[in-house]
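Next come two complexes built around subunit A: one with subunit B, the other with subunit C.
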Partner chain A sequence: MSNTQTSPAINWEIGPIFRAMLRNKVGAILIALQIAVTMTIIVNSVYIIVERNKEMQRNSGIDNENSFFLTSIGFAENFNVPVTVAEDMNTLRALPGIVDAIQINAVPNSGSGWSMGLKTQSGAEYDAVGTAVYMVDEHGINALDLEIIAGENFAPTDIGLRVVGQVDWPNKTILTKAMAENLFPDIPYQSVVGKTVYINDIDPMIVVGIIDKLQAPWVGWNNLENAMLSPERMDFKGSRYFIRTEPGQRDRVMKQVEELLANSNKGRLIKGMRSVEEARERSYRGHTAMIKILTTVMIILTIVTALGIVGLASFSVNQRKKQIGTRRALGASQSAIVRYFMLENFLISSIGVILGAVLTVGLNIILVNTFGLDRIDWFYIPIGMLVLWLVGQGAVFGPARKAANIPPALATRTV
Partner chain B sequence: MFGYYIKLALKSVKRNPILSLLMITAIALGIGASMTTITVNYLMSADPIPNKSHQLFHIQVDSWDPNNAFNDDEDALPNQLTWTDATNFIHAKKALRQSAMGMSGAIIEPAGDDAKPFEASIRLAYTDFFAMFEVPFIYGTPWESASDNNREQVIVLSKRINESVFGGENSVGKTIIVDGRSFQVVGVIDDWQPMPKFYDVNNGAFNETEEVFMPFSLKEELELPNWGNNSCWKSPEGEGYSAFLRSECINTQMWVELPDETAKAEYMGFLNNYVMEQKELGRFPRPLKNRLSNVMQWMESQEVVEEDAKMMMWLSFMFLLVCLLNTIGLLLAKFTGKSAEIGLRLAVGASKADLFKQHLVESAMIGLLGGIAGLGLAVLGLQGIKSLYGDFVDDLATLDISMILVALSIALLSSIAAGLYPTWRACNIAPASQLKSQ
Partner chain C sequence: MLKMTDVKKVFRTDLVETHALRDFNLHVGEGDFVAVTGPSGSGKTTFLNIAGLLETFNGGTYELDGQDVSNLNDKKRSQLRNEKIGFIFQSFNLIPDLNLFDNVDVPLRYRGFNSAERKKRIESSLEMVGLAQRMKHLPSQLSGGQQQRVAIARALAGEPRFLLADEPTGNLDTQMANSVMDLLKSINAAGTTIIMVTHDGQLASQARRNIYVRDGKVSEVNDTDAATAPHLAAV
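Entry: the complex of A and B
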């Protein structure tokens, strides 16, 4: 070290630090690489986590917290589905704590359901827009907690009875706003009311109403926001019931309903009782798991990298004990020693995060091409660089302090 | 000498306990993360029926919409068959063994007043299903092929259903009420859970095997509900169950056993002829395109391995890379610290090769310790995966012997690789300067 600092002005000593680093290139390169790869993993992981979180926060359109559903399967020989459903609905709708109840073919976000294609022109040659189908009666709007933003609800006289293997459809439908806009992109959704759409290529249905929002059963589907209501009850052996309760009453009502229905008719089985919340949790389980795993990975990785820096820095402090003692003896202050190690780390980290920025974008491009992820937003990269800089500086601070405490007298001794 | 190197390595590990612990932990974490994700990927992409996977073929024919391919990919073929085509293929009997199949469910009513009715899943299949897929039986046998043709109400139970309905005893010949009808039990199978559930990946590639098996022909006879995936490009012509079955909707899987290339070529010829004939009847409006995929080809085309699993595996490899970089740096520091000792040994006559071996043994030992600790972490990681994803991954999150060996080899190899450069550096010091300066 040729530095004999006499003036109080801070000398950043970038030159000597850089030259010293060149004498131990490999150590510096290793830390820089480690920082670069760590940054690549962390920034991409954070990005994936944020994206997954956004997907999970999407609004299903129904009252997630206060709704549940179940399946009633008749097996007795004389089991009459329409009669039983009508009786059950009367009972359920009258039960205190229940806002409304319906028979429905599928539940939003639950993972299984029914989809069809709708067209604006009749004929097999035209393109169809895919949509989830929910078969409900006139209580559907209230039970699902939907809002009619244009047109009107089904009338009780509109409701048909669907049998197994039936191919024709009722002549009325209600669409979500998103579906209306996908079918008729050029006109405001309000004007879609009264239009005719075609199901099964040629069967006409008149749009009588538009609802604000209702998601399809499959959370990974491209057409998640496309849904239609069809005014029907179903004569199927297995009937699904969807029930919305007063706030806070769900769990109590669930127990009560299960007993009530099981006891009211011995010729059937009640199964698959589940709250919408639970169904959504199951549908998004992969996302939740991914988020937890990536979070764990990020934390461990940061610790590993930080400990690696601490280990190497401590080692280089030990190696240079004599030199540090000499510098101190020649008048370098303790803060000058701390500054030396912090700056050294800052230089190495800078190389690391610049390389890291390149690798981060590279990994993102691979993820985009292989797994169909979205492109990363630019601001993740400077934030990632900043975080890794801070991690590096934090990790090196301890060993640097230790170095500063080396007594100048050490220079005179042989170790 | 080797024993001596191990002794030296142990000593050296103990001398810098914190540094050694850091390295071992880093390797353990990297190995733990990689092993967890490799295991999940390995099990997801495992061959579920290794001795026959090259002789079993899944049939695809392009019966889809004249205006649109089956999906966005123009080359895509429908992933299932129509009921009509599947039953026609069965009746043609052109393969060594063959089974069309579908999924359904019904209520089982056990005998006795206290026994509660319950719902069971059904695999509808032909008798060849059992021989073709080597399904193990505890009691009885598959049904006769006459039962397929005559639509007899015969049933094969899973071990679990046999236990809950018949208390686990030999129930062959007894009757059981399914869907309100009386069925005769012909066989009980042992636990059988192919992973992935290759014969029907459309309905969940890692789902459980169905609870009971019955002849496919009963689907029409009893109008059993369609539980699996059903897709239509054209609505059925006419009302009712029979019209649904005879529609262009696809809901049936079909597998054939073709022992060699000739048999495969002949079967392909048969399929092509069939489609040409059907075209004359006005069906199959798309260009002629049929496909026979063996088990692994089918798994691949259906993308059975979850993308998240693949993504996590690549991230975990990068994680391992960071841990190795870490280890290289720390080893470098450690061996540099031993310069004096190395200098002394060189001066008193040890060869560079000796020193090289000695330090590689030390690196390998750290790798091995890290690998063992990593295996422990992988077990924890897999437990974590189970608790995060739920029961259905139980069979996807278990370590077997080959995975344990893979883990230890990766740990050992990567730590030796990590040790190469530091060792080389350490052995290339000039002994004189080291001895002098101290």
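Entry: the complex of A and C
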């Protein structure tokens, strides 16, 4: 025999390990399946969490941090809504710390509001594009902190008074850019100014302005970015006021306004005072709960999988003590034994993550078809594989070190 | 070639201190075939473990192939074991999930041979023990004698200077034991130094030299072949 010795050599035993696993496969298959299922659930969960987080971070278009709203409900017999609203607005707009205030029918992202359909042609036979409706006066743009990117704001003379049961609409509107592009996809949004759109199938409204962004009240609505402003005050017993404050003044102003309005007119109740931030948090409560639940499930699953790997590896080490001692006697260093178990786990994990990648896509297809979620981004899968590989390697490291500490002299003992 | 001088080995627990080897002295020359006998608990296996670098010792010096091995780290000891020593165990210690080819391959991989070299050595050593046709079989498909032959092939594939055998025929019937013993003698005749621990006096008598261990010391040396190998007599 020649004495050819090549590389000083890391002893990669992929072939023998794989063949040995095939002869003793139940434990390996169970762990690989566990890894596959864990990866499937974790990757899809992370994807859902990221998507939900993105939704929660969406820009509502208004000044969330410095705005709040309340409801004024008149109950006295002689309660005059238009007069009271006008007095309240004068008072509020003059109050130090307040940027602007308006009467409004609904608050973005708050969960309740109005929606209508707008058409580019008059007639019931044409399809409408759904939109949220915000009734505001000429202060609406400033109070909501919106930006007009084309056209102009309402003039004071444009503002009408809506009464209960009224079905007709003013002849002017301001649209969000998204709504303008949905209605007129073939022209630039700037060109939508001056166009006529139809509400209630046949009532014409001229688009006088385009705002950059304003979301609808319903955060789960497909047409969330579609909104229109209608130049109206409301003669309703229950009036919602929307108030924007100077930065950092909101909480102080909220207390002051509640007291001021309650004392200014004893024929009404002030209720439902809430910051926009709180309203958004309530609207996204389902998202928050889902994120918490999915995170908990992911953590538990990861721990269970890691424990499974630790359990199998520890069992395997205990069962193979003599074999490990023999390997040590035949020349395996401690690091070679650690490497053996790490490599064995890597092979099992590889089978698991490859199967997991297939299952991940499968589950995502089901989620897309059943719940209308978006298709998963491709890069989640390699990241998921890497994470599960690392979990496996981390979990097996302890038992592998334990194996490496088995003395070579065990080979000559009867175990 | 293998020289132990005043080697001591003490096993300690909280309550008990056991002196497994006391001032153990032995010199084994190249090409020797030494049988180590002695009663149970005399220190035979401890000697074999220390000789094979499977265990460390507490005092004295041990030179293997001219190298002082007293203070080597695990990596060096493993490397030395792999390169210079072949082991044959009483219960064969084959890895049950690996076929014969892969079993013989184990120490060669630790040695860092390339796959062509490993294949050549595996086939050659299995050929030498008469099992080349069964290299794809699992150990469980072989008789005890055949399994020990595989273990011998595994020990020889790396062409070690020493073969350390721990009761190599202890689990075999007489016929198989003789066959294994014949194989060991032919390996020794080809130049490999063999140290064999055994209870069996009849087997020990077939070695060139007999060492009797009692109470952790070499108490008697009997050179059966001293006339032809005078250098082996010194203790």
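Note that the second predicted complex is superposed on the first by the 406 of 415 C-alpha atoms of A that agree within 3 Å, B and C clash if a C-alpha of one lies under 4 Å from a C-alpha of the other, contacts with A are read in each partner's own complex, and residues count from 1 in each chain.
Everything that follows uses one rule, which is that a contact is a pair of C-beta atoms (placed from the backbone, for glycine too) under 8 Å apart; a residue touches a chain by one contact, two chains touch by 3 or more.
Owing to the predicted nature of the structure, the values given are computational and were not obtained by experimental measurement.
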{"item": "Touching partner for A:E125 - first (subunit B), second (subunit C), both, neither", "value": "first"}
{"item": "Which superposed partner A:Q334 touches (first subunit B, second subunit C, both, neither)", "value": "second"}
{"item": "Partner chain(s) touched by A:R375 [first = subunit B, second = subunit C, both, neither]", "value": "neither"}
{"item": "Touched partner set for A:R252, first subunit B, second subunit C, both or neither", "value": "neither"}
{"item": "First (subunit B), second (subunit C), both or neither touched by A:Q319", "value": "first"}
{"item": "A:P407 touches, of subunit B and subunit C: first, second, both or neither?", "value": "second"}
{"item": "Partner with the higher number of touched subunit A residues, subunit C or subunit B", "value": "B"}
{"item": "Subunit C-contacting residues of subunit A that also contact subunit B", "value": "414"}
{"item": "Touch list for subunit C against partner subunit A, complex", "value": "45, 48-49, 52-55, 74-75, 78-79, 81-83, 87, 89-91, 93, 95-99, 102, 105-107, 109-114, 117, 120-121, 124, 138, 154, 158-159, 166"}
{"item": "Subunit A-facing residues of subunit B, complex", "value": "18-19, 22, 25-26, 29, 33, 65-67, 107, 109, 117-119, 179-180, 223, 225, 234-236, 238-244, 306-308, 310-312, 315-316, 318-319, 321-323, 325-326, 328-330, 332-334, 336-337, 384-385, 388-390, 421, 425, 438"}
{"item": "Complex contact set, residues of subunit A against subunit B", "value": "26-27, 30-31, 33-34, 37-38, 40-41, 44-45, 48, 73, 75-77, 124-125, 163-167, 200-201, 236-238, 269, 271, 282, 285-286, 288-290, 292-294, 296-297, 300-301, 304-305, 307-308, 311-312, 315-316, 318-319, 363, 367, 370-371, 414-415"}
{"item": "Footprint of subunit C on subunit A - complex, ascending", "value": "1-9, 11, 13, 15-16, 19-20, 23-24, 322-323, 326-336, 407-409, 411-412, 414"}
